[in-house]
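Heads up, the next two complexes both have chain A, just with different partners, chain B and then chain C.
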Partner chain A sequence: MSQATGARFEFHNLTKVFGGLVAVNDVTVEAVAGGITGIIGSNGAGKSTVFNLISGFYKPDAGQVLLEGQDLTGRQPHEIAAAGVGRTFQNIRLFQGMSVLDNVRTALHRSLDYNVFHALLRLPKIRSEEKRAEEAALEALELVGMLEAKELTGSSLPYGLQRRLEIARALAMKPKILLLDEPAAGLNPGEVADLVNLIRSINAKLGLTILVIEHHMDLVASLCQKVFAMNFGQVIAGGTLAEVQNDPAVLEAYLGKGASHA
Partner chain B sequence: MSDYYTGLLVFTCVNIIVTAGLYLLIGGTGLVSFGQAGFLAIGAYTSGLLTTRLNWPFPLGLTGAIVFSMLVGVAIGYPTLKLRREYFALATMGVGEAIRALISALPNFTGGSVGLPGIPQKTTAWVVLLLTVVSIVLVRNYLKSKFGRNALAIKTDELAAKAIAVNVFAQKQIIFAITCGLSGLAGALLAHYITYIDPSMFDWNRSAELVTIVFVGGLGSLTGGVTAAIGVALLPEVLRFANEARFLVYSLVVLLVIIYRPGGLFGNYELSWQSLARIWRKLTGGARKEGAA
Partner chain C sequence: MFWQQVFNGLSAGGIYALIAVGFSLIYSIMRYINLAHGSLIMIGAYIGYAVVTATNFPLIPALLAAAAGTAIVSVIVERLAFRPIRVRGVSTLYILVSSMVVSILLQNLVMVIFGPSFRTLPQLVSDVPVVTHPINIARLDFYMMIVVVLSLVSLNFVLYRTKAGRAMRAVSFNPKAAALMGVNTDRVVSLAFALAGALAGIAGIFLGIKYSVYPQLGELILKGFVASVFGGLGSVAGAVVGGLALGVIEVFLIAYGSSSFSPVMIYALLVLILLLRPRGILGRIVEDKV
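Coming up: the complex of A and B.
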């Protein structure tokens, strides 16, 4: 299941304009291959919009998205996901009403080797393929430590587990890179610590290239090898967290607003 | 079987077949088609014309009806399945009426509003029963596969479905094609039973009735849809003394369901061999076997 080296991922000069608002302005980021890259910035800085541009939910007005040198710019979301971009959402988006196991199993559809006609006739092949899907789903659940919860309904879970389930669902696709949009939002300090361990272990076990948007600086500090700070749609600094935190532009942006997200 | 009961069986099964397909669409993707009567008409006229004008045999007529309905479904689905749910409902309503208008407008070809008589009577009790069971099994199999999970994912959260690489549009196209194919089959079976069809049989009320059946049965239950389809087919018989009261009773049933069982009569309950076995055990006194694996 593990990869020797993490996928190279970068995007150049991404720009998105909503009406008159330049939500993302000429943003260039090169992720740490096989490592964890952080994106920080105040509310409305354009972080989630960057993820939506990468994953195809918004069409960029300019710029280029490259996964292992393959140009993903302007493709449909499902094509981008199929190319190896897994993601979670800032507001958790589970398949409500489905069991935990089925939430993950659904994400395995591309690896199941049967077509509509096989399905309609329920040929014997389906049984073995579905068995394989269940095993793969259980494997993904084990990875996030949620095996015991497999029968429960996704939406009945506490917040922290819902976030884990969303990660497991993305991992089931066997993505090359994983985008996490504020995975620690709404979690208590204990849950945040668990999440840090989880992300670290996923990164270590799978050698997965991870991009994470986060306000929790302790999470960023303990996970990210490289950090990009955004403000008003632009990247104002990039480097190690220490470098970024001492960058004049960042100090100016944070102090200027009189608010920090510690 | 007397003609009366055969007729009742055919009408009931026609309802079940359309409902199975429509359930797949509504229960699967959340899209509601208000134009299925139009696809019944396409099936009825395709097979009716093929068997009367070209003397095709009945099985080929049925096949032609299914295939042509599916093709029209794909053609209609292409521009409409990307629309928001509300607009899809409106668009299909228009399509249903347009199909009916088109049939009326081509008297030389279809018999127009006078209708198409002399369709060979080929739909027997056994044929219709067999095809009904096959239709239900096909829909059930679809829902039990990865395609069923994809559909449920689309219905629950289209964005999240896209994020796990589900091609939402393609999945909707497949489902709508199946829905329309089954409607076409049902229409053809109907035509080959009543031997005479005219456009007024496939009006908007019919489409609305079919949607009502699925909602009353429950969006999470094929069993519910099938039961409701049987109910709606038998209701006119029960209420024969007062045909006018029929729509009153319909409306009342729908209202009561909305108020007391918003998830439909059956909610998410699905009849299965296990549940049948459970019922059987209860009926036979509940002699329970323990520890048998």
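Coming up: the complex of A and C.
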């Protein structure tokens, strides 16, 4: 399951305008291949919009999204997912009424080699493919330590486990990169610590390139090798967390003008 | 006598179940009400009629032709009349209106092609009952029940045992997340419409055989509405239960009450259910999350 080196992922000059509002303005980010890259910024800075542009829910007005040099710009969400972009959402989007196992199995949709005509005519093929899906799904659940919860319904899980399930679901697609949209949102400190360990172990085991949006500075500090700060739709600084935190533009954005001279 | 009525009720209810299941399937995935579903039933009856009169096909090929033809019409309707509205992300009210327009359009189209008169299908099934004791089971009812059971079992298989079904359920819970899992939601929607259309086609040809074929046949969709509300709107299992229950209740009202009073009672019961248990027998309460 592990990859030798993490995938190269970058986007250049991404721009998105809603009406008169420039939500994302000329944003360029190069993720650390095989590492964890953070995007920080206050609410409304355009971070989630960036993820929505990457995963195809919005079409960028300008710019380019490149995965291993392959241009993904402007494709449909399911095509972008198939190309190797996995993601989780800030507000968890599980298939609430489905079992944990079925939630993860849905992620294997693309990799199952049968179609509706097989479904009508070749039952053994379905059985073997579904068996394979189940094994792959169990593998993903094991990775996040949720094997024993496989029969439970998505909506019955505590919040921390729902988040884990979302990650398992994304991993089951065997993505080349993983986008985590505020994974610590709504979690208690204990759950955040578990989450940090989980993300780190996934990154180490799979060598997966991970891009994470987060408010939670502890999480960013303990995970991210490189950080980009956004404000009003623009990247205002990039580098290590220490560099970014001491960047005059960042200080000004967070603390107001004059703070950098203090 | 009692069991005879139960059987008659289940036989009629089976068709209501097919109608309600198709209707509920679309509602549970798309969260909009397809008022054109009734016209699809009517289209199924006419396809069956046209195929049988032109080719003298026996029952099974005629059924398959009606199911396939109606499935195709259903998919085309979604593509042309619903999808453009859906992708724009505007209120589903527009889709409701659009489906009403499609319904009227299909009805008038059929009126232009076949005329407004009632037509009868040639006899496809012999009059000889399967058994006469302890209850009389007409051959048509017998075949009808087998087809209904087979259709519902197949639908259940597709929904719960295949990736297409899983994708459909996933889209019904969260279309965005499903797309992110590599599910082509447009294709899933087409498949749902094809399945609903096929069920409507099967219901249509049986209704055509039992009663007759006429452009307003689609008005029987009202029974489908009632059945799916009985069972719980958006629940496929509920639609089956609701359809069967409606059939039995209706037959009993006619047998032990009066046929003119039966619709009054049915709709009174509908109002009662809406007041006391709006989610129906098996319905789930749908919570929307921002």
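Assume the second predicted complex is superposed on the first by the 255 of 262 C-alpha atoms of A that agree within 3 Å, B and C clash if a C-alpha of one lies under 4 Å from a C-alpha of the other, contacts with A are read in each partner's own complex, and residues count from 1 in each chain.
Note that a residue touches a chain if its C-beta (ideal position, glycine included) is under 8 Å from a C-beta of that chain, and two chains touch if they have at least 3 such contacts.
Here the structure is a predicted model, which means the values were calculated and not measured.
Peer 1: Quick one: on chain A, after the overlay, do chain B and chain C clash, or do they fit? Just give me the call.
Peer 2: clash
Peer 1: After superposition on the shared chain, which partner residues are touched by A:112: those of chain B (first), chain C (second), both, or neither?
Peer 2: both
Peer 1: For A:96 in the superposed arrangement: first (chain B), second (chain C), both or neither?
Peer 2: Both partners, chain B and chain C.
Peer 1: So which bits of chain A does chain B touch that chain C touches too?
Peer 2: The answer is residues 55-57, 76-78, 81-82, 86-87, 89, 93-98, 102, 105-110, 112, 114, 116, 119, 126, 130, 133, 169-170, 173 of chain A.
Peer 1: Once bound in the complex, which stretches of chain A touch chain C?
Peer 2: The touching residues are 55-57, 76-78, 81-82, 86-87, 89, 91, 93-98, 102, 105-110, 112, 114-116, 119, 126, 129-130, 133, 169-170, 173.
Peer 1: Can you list the residues on chain A that touch chain B in the complex?
Peer 2: Going through chain A, the ones touching chain B are 55-57, 76-79, 81-82, 86-87, 89, 93-98, 102, 105-110, 112, 114, 116, 119-122, 126, 130, 133, 169-170, 172-173.
Peer 1: Mind listing the chain B positions that touch chain A in their complex?
Peer 2: 138, 141-142, 144-147, 149-150, 152-153, 156-157, 159-168, 174
Peer 1: Flag every residue of chain C that touches chain A in the complex, lowest number first.
Peer 2: Contacts found on chain C: 157-158, 161-164, 166-167, 169-170, 173-174, 176-185, 191, 284, 289-290.
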